[in-house]
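The letters A, B, C, D and E name the chains in turn, as written, and every chain counts its residues from 1.
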Amino acid sequence: MSLLEIKNVDISYGKNLTVKNCSLNLEKGEICSIVGESGSGKTTVIRAVMGLLPGAGRVSAGDITYDGIDLLKLTHKEWRKLRGHDVSMIFQDSGAMMNQTRLIGDSYVEYIMTHEDISRKDAWAKGVEMIERMRLPDGDRVMRSYPFQLSGGQRQRVGIAMGMTYQPKLLLADEPTSALDVTTQAQIVRQFMELRDEYGTSIIIVTHNLGVAAYMGDKIVVMKRGEVVDQGEREYILHQSTNPYTKLLLDAVPTLGGKRYV
Amino acid sequence: MFDEKDLLIDARHVTRRFPTNDGRLLTACDDINLKFYKGKTLGLVGESGCGKSTFMRFLVWLDYPTEGEIFFHGKDITKMKGAELHENRQHIQMVFQDPSTSFNPKMKIKEIVCEPLLNFNRIKPSEMDAKARELLELVELPGDFADRFPHNMSGGQRQRVAIARAIALEPEFIVMDEATSALDVSVQKTVIELITRLQREKNIAIGFICHDLGLIESFAHQVAVMYLGNIVEVMPGEGLSDVCCHPYSRALLASVFDTKMDFTKKIENIKGEPPSPLDLPPGCPFSNRCPHCTERCEHEKPKLVELTPGHEVACHLFTK
Amino acid sequence: METKKNKFLSNKGFVLFSILALMVVLVAIFAPVLSGGVDPTAGNLADAIMAPDAKHIFGTDKMGRDIYARVLYGARISLVSTFALVLTVFVIGTALGVLAGYFGGWVDAVIMRIADMMIAFPGLVLAIAVAGMLGASMRNAIIAIALVTWPKYARMARSLVLKVRHTDYVYAAIVTGSSTWRMLWKYMLPNTITTLVITAATDIGGMMMELAALSFLGFGAQPPTPEWGSMLSEGRDFIQSAPWLMLYPGLAIFITVVIFNMLGDNLRDILDPKEE
Amino acid sequence: MNKNAIISRLLQMVIVLIGISFLTFLLTYLSPGDPARNIFTHAGVMPSSEMIEEMRKTLGLDKPFFTQYKDWLFNCLQGNFGDSFMLQKPVKDLLLERLWPTLKLTLASTVLMLLFSVPLGVISAVNHNKPIDYFVRMITFFGVSIPNFWLGLMLILIFCVKLGLLPVVSSAGDFKSLILPAVTLAVAMTAKYTRQVRTAVLEELHSDYVIGARARGVSENKILWGNVLPNSLLPLITMLGLSIGSLLGGTSVVEIIYSYPGLGNLAVSAIMSADYFLLQGYVLWVSVIYMLINLVVDISYNYVDPRMRLRR
Amino acid sequence: GGGDKKDAPKDGGKAAAKTLVFGCQMYADGGIDPSAQTNTAWNCSRFGVGQTLFRFDDNVKPVPQLAESATPSDGNKTWTFKLKKGIKFSNGTEMTATKVKEYLDWIREAGKKGSTRPQQFLDFEAVVTADDAAGTVTIKSKKAYPNMAASLADPSMVILDVKGSKDMKNGAIGTGPYMVKSFKNQVGYEMVANPHYWNGKVPYDQVKIMFMGDASAKANALRAGQIDLAENIMNVADLKALQGDKKFTVQIAPGTRCGFSWMNMKQGRPLANKALRQAVLKAIDYKTICKSNTIGGLYTPGPSVIPSSLGYGFDKLKNPYEYDPEGAKKILDEAGIKDTNGDGIRELNGQNIQLRYISYANRLLNDFSDAHTQYLKAVGIGVKSEYGSSDDQWSKLVAGDYDFNNNNWNSMIAGAPTVYMGNWYSKAEANYCGFKSDTYDKAYEELLTTMDTKRYAELMQTLQQTLIDEAAVLVDGYYNSCIIYNNDKVGSAHMYPLDYYWITDEIKPAGAK
């Protein structure tokens, strides 16, 4: 049985059917990259997995099962246990997903203390440890900072640290590197890879960057206008797929030493 | 490498400092020298906040340098004012990064693309419809788009409109500030193709700001790498990955992911963060992150030196 | 355009309060008809302070004038003066705010310092000082309140302008050689209008009350002008013995203000989707 | 806010104050009344023209405008705001005497307002578009639409005259006499702030960090009380400063209705009797206090909100 | 409610301190220094602190108070006052002739700084000598005083212990029934009975004086029981309601004040036209106005500028201008003042009549003006009202910038109408309306010099009738002062025509004899 199974899922915002008949399987320890044009529903799909569709969004058909649990039938309480513990999510800008007026440490401690019955001091120490594990020097200083005091790369690493606190089985990442400089992006990508290698975490990563998707993903899913148009192993997608959209995309990726226009 | 006869814009010792609220100075551009040639593209790459936009904005009179001169046809454009400035605006246009924010949402496409022409009385308002169609067709858009509003169009289409607006006055030079980074790769490709085609047809010089070395390599004639307000390397666009040698340029190169790379290769990356532009290091701006940093680098700022024609680098590793 | 119309019509609250507001306007317009031709300023002291009856359904005031007619005519004064006031501050505030925001530098500094000054001025005191200088009248009350209210609009317009002042599309327009006048007219102004219209609409009620308050203090409309605030002030002495003198004009202000406040609020909901 | 910013704010304040003082002086100067004559008429005396002339001389009113202004401003800077014609006392003493009652009234109504508006606003926002939300919004509409001069009179009629619970005249300035004026002022403010709190809480509820917290499994209660509410109250601080300021200059109507011995009451009678020095002093004082309050509020806001405190 | 419960022990009995709570308007800043302002001098007398040698009775005649008698000699230039015996100030100091001289000398000196202008009542040059043994004070002046007892009855001439009063402003020491215990700015006074009072036992142990803003506040406070006694509720509706209420007694005294509108008769002004003035007077039903729900009870109607109650021959006056709108129209028609353009307004010299009516909010003046306007409109005379502050009204009066200018004046300055009648004397500065009549001027000049009371009365008669005949003044009516009390608390109180006396020893608690 796969860790995560998305079967024929339809997602709508109010009356608009945004994602149609989406299916996706993820094994333990596997990384899946989702690529596709802007607005094609990538974020929507992983938000649906998290049970956090914004506004009037809801899953209108299909099943999502995680580790044998039907996610669509969970109560609020069960969700709270799962979220942040078994399943974590990392956003495009992790800094923005934290209360700007509280210290990172406070948000972190609040988070740890919802999942674990430990003292504030221990929770703090745990936070420091996790942050330092993400190769941010001086975790205590980071904990004592406000989100906006850190650079984008640092914030993203704090986000990853938080996401990895309970070594989730499943990590959902929505464009975790799009807001970063190329050099920082490389650092973050590297860190993701290490997570999988160390903890065996399964990851779904949404990205615009086909290079990143290809580098990270064991599996690549291509979406277009709310539909999964192509998916498969990396090698298949890169070299064997006959899907015209996939081909169009791959063809458009500029490569070093590749085609020149002038 | 380029014919000096074709020299269009010559920026000399351009420096820009912004006073901050607490009375300190932020150096966004630090003694920059760059040359732009007719019909050629100069790609400017570098990390976010390194001063790329700040520099390009001087060329379109959206800002003025604190020091230095910028010659356009031999005249210093940083001193232009009033009518002279207005006249010269026709020759230098700009395409902005985000196609969704670079139009007045309340204006129709035809008003947008014809605005420059109307501003310089090149057409009468009655000729707007025809002219708009013509311009739209030039950027491979259906002429009917003239009556749409920008929000009814896709990102790629909007960026074409932006290009149409920029070339409407037939300028000699266009600044493109990350003109394609908000677009999907497939759309990006078509836009780049369009730009290069128009450049060839109209012999336009382009200053193109970009993050992506892979992309810039594919169409720039020369590439300048900027770091913390300094130009650290200038090199020809073609075969860039072979000649580039500044440690920062190499780091940029190593950060490029593409679909043809070796996926088993571990990513090499540089450590740390760039220093704050509020207090620049006395030596090489890259010294705190450079794997080859020596004591000299920490104290002495390297100057751009020419390695081969068209290839300059500012690094002590390459000065004897 | 089509969708916009629908947006207005599909908002039930807006439709309801538009109709009510229209009714208030109609009352003002047709006051002479609705009052049955009774002159609101004419009266006979012999009939002074009569409780409501068949002849004077709202009773009479201390000069023996018909309160019903006075309340109806009061709508005229209130509406006309409030609209004049709102329009004045809207135009002045927007114009100055746009200039300050667009030009920045010393233009901004001068305009905003003056605005600061007027804001720090106790509003009522200025109003009364103006009344003292120019004499107490509705027109001068309008001038006075306008003097202390325009900064609010100016600040708002300025901040809206600043929001777009540094956007790409404004820079793009400058780069394409647009004249300053065009920048202001085509880019800055349209960008402020919606928000300011909403503000003006929601301010109508409040300004109506401020004008009434000034009249209440005797610095606005002068008797025998039928103005609600001054009617209240006249009726104040009779609060115990002849409550109808205060009741009807009070209700008139209250109802009208509620209607315009509600209308403004609904308009905000429609024009400014952010809010809800 | 750092030292430089505060200093520049203070400098701006000085400029604005000079402007205000000039404007005030100009306005009163241009007023048609003649203070010299008023001194006599106020005391029920019909002065002869020689008496008026003499009085003008002693008051310095015969000097040119700018000299008068300069003298006055110079005196003000030394803490001498002149004497009130009407009350024949130094303006400074009069204002000092009235300042505290007005501040007390302002603070009392502000506290009342906060006591009601915060819970109401939160309830309304949390139950967005449910009946209770509509109900609260309805109430707030009535609140902002009742003219306070009418409300005040009605309250007097009910609580003082009919029920005899509270004093009709609040001149004693004790606790009992503070109740009705404070309530009258608080009603409209409460209504206004309830709406503000509601909007702010709604806005915060839609911000990204709420989604972030949910994604981390944090409970809704913690999100609301620990994060959303404190954040949504932040912008209220600035508003509060502005309101307190405008209350200081705007309590006149209520003070008059209740015969409350505050600044507003004093100001109106100063105007009625063309007591120019008193009026000028009042305007200057209120402006200074208003600006100081706003400065303090801004500084504290900058302090409370780390985004303001720590960003460049 | 009522009274001050905290101060009054509930056990009743003899030990209960009797307290009176009095609500009044705060004039000036509530001070009682007679040298400061007219109003503070009045306060001193009104609050029962200071008393004068003579005081005015119900007929506005000076009657002995602290003095027994006043004797003129030397052609009314020297006056000898004999003081009553055994009078003490509230601090126990005896009121000797020297003390009286001390005060009279002090007030003329100290009064120079204030606005009281004590020289109106006692010449600066007058020499005061005291004879303690005889208990007499003699005043020698270069000027003749028709009745110096009346002059010295002005509140500024209250006899205070100058040396004993440490704080003249709020703690002057006088001979009145009550003395100041404490003063609170804007709030009022706490007074206690004067233990050394000369005229019998002081009825109350304590008097609380509360300052209150407007008329309805006083009425409401009375009803709410916050106060026991109030002065002058200038609001007919409240007054009538209180009159109708068995719980309260309303005492109205015909006063010395006259409300009247100046008519501007200066050259070029419409009202220079006598026919127009006559029509104006005929068009206005002044009796109905004074009877109406709005004004009734607060003003007594009458055509003369001297209140009917003052005994200056009101009954003998003839008024040719009783209310007669048809008559008014006839006069206008005959004078050629007709409405030719059919807009309902008559024209004078080819121009629509648009008279400017200046008024201000004091003692119902605005209501009178409104009423006049209504009546004038009915006969085709256009009026435009301009209501502003008293200051505004006054400056327009002096500048002659008006057609009607409404005000309310005390006709009995120093107990006689001499000063007041000067308003129509053509050579007086105070003639603000441009009235000129030789008969009037002649009579007035004689009025100024005569010392004969009978002749004075005859002259007054002439002056009044002249004004009526010339249609020179539009009289509103005579303002009545009043005092209102709660019958449960107060047994008796008295209002005098001249409202110098509010708190007196005549105010007694309910049930007391």
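By our rule, a residue touches a chain if its C-beta (ideal position, glycine included) is under 8 Å from a C-beta of that chain, and two chains touch if they have at least 3 such contacts.
Here the structure is a predicted model, which means the values were calculated and not measured.
Visitor: What chains touch chain B and also chain D?
Guide: Under the touch definition, chain B and chain D have A, C as mutual neighbours.
Visitor: With contacts defined as at the top, give the pair, A-D or D-E, that has more of them.
Guide: Of the two interfaces, A-D and D-E, more C-beta pairs touch across D-E.
Visitor: Could you tell me which chain lies farthest from chain B when each chain's centre is the average position of its Cα atoms?
Guide: Taking each chain's C-alpha mean as its centre, the farthest from chain B is E.
Visitor: Using Cα averages as centroids, what's the distance between chain B and chain C in whole Å?
Guide: 51
Visitor: State, to the nearest whole Å, the distance from the C-alpha centre of chain A to the C-alpha centre of chain E.
Guide: Their C-alpha centroids are separated by 90 Å.
Visitor: Can you give the whole-Å distance between the Cα centres of chain C and chain D?
Guide: The computed centroid separation for chain C versus chain D comes out at 21 Å.
Visitor: Specify, in ascending order, the residues of chain A that touch 2 or more different other chains.
Guide: Residue numbers touching two or more other chains: none in chain A.
Visitor: Which chain E residues reach two or more other chains?
Guide: As it turns out, chain E has residues touching two or more other chains at 214, 220, 223, 389, 392.
Visitor: Could you list which residues of chain B touch at least two other chains?
Guide: Residues of chain B touching two or more partner chains: there are none.
Visitor: Which of the chains are touching one another, listed as pairs?
Guide: Pairwise, the chains that meet the contact rule are A-B, A-D, B-C, B-D, C-D, C-E, D-E.
Visitor: Given the complex with chain B, which residues does chain A contribute to the contact?
Guide: Per the stated touch rule, the residues are 37-38, 151, 153-154, 181-183, 185-187, 189-190, 193, 208-212, 214-215, 234, 238, 248-262.
Visitor: Please name which positions on chain B make contact with chain A in the complex.
Guide: Those in contact with chain A are residues 41, 47-48, 155, 184-186, 188-189, 192-193, 196, 199-200, 211-215, 217-221, 237-241, 251-261, 263, 266-267, 269-270, 273.
Visitor: Residue numbers of chain D touching chain A in their complex, please.
Guide: Spelled out, the residues of chain D in touch with chain A are 208-209, 211-220, 222, 226-227, 230-231, 234, 305-307, 310-311.
Visitor: Spell out the part of chain C that touches chain D in their complex, as residue ranges.
Guide: Against chain D, the touching part of chain C is residues 113-114, 116-117, 120-126, 128-130, 132-133, 205-206, 209, 212-213, 216-217, 229, 232-233, 236, 239-240, 243, 246, 250, 253-254, 257-258, 261-262, 265, 275-276.
Visitor: Provide the residue numbers of chain D that touch chain C in the complex, in ascending order.
Guide: On the chain D side, the touching residues are 12, 15-16, 19-20, 23-24, 27-28, 30-33, 141-142, 144-150, 153-154, 156-157, 161, 199, 202, 245-246, 248-250, 252-253, 256, 264, 267-268, 271, 274, 279, 282-283, 286-287, 290-291.
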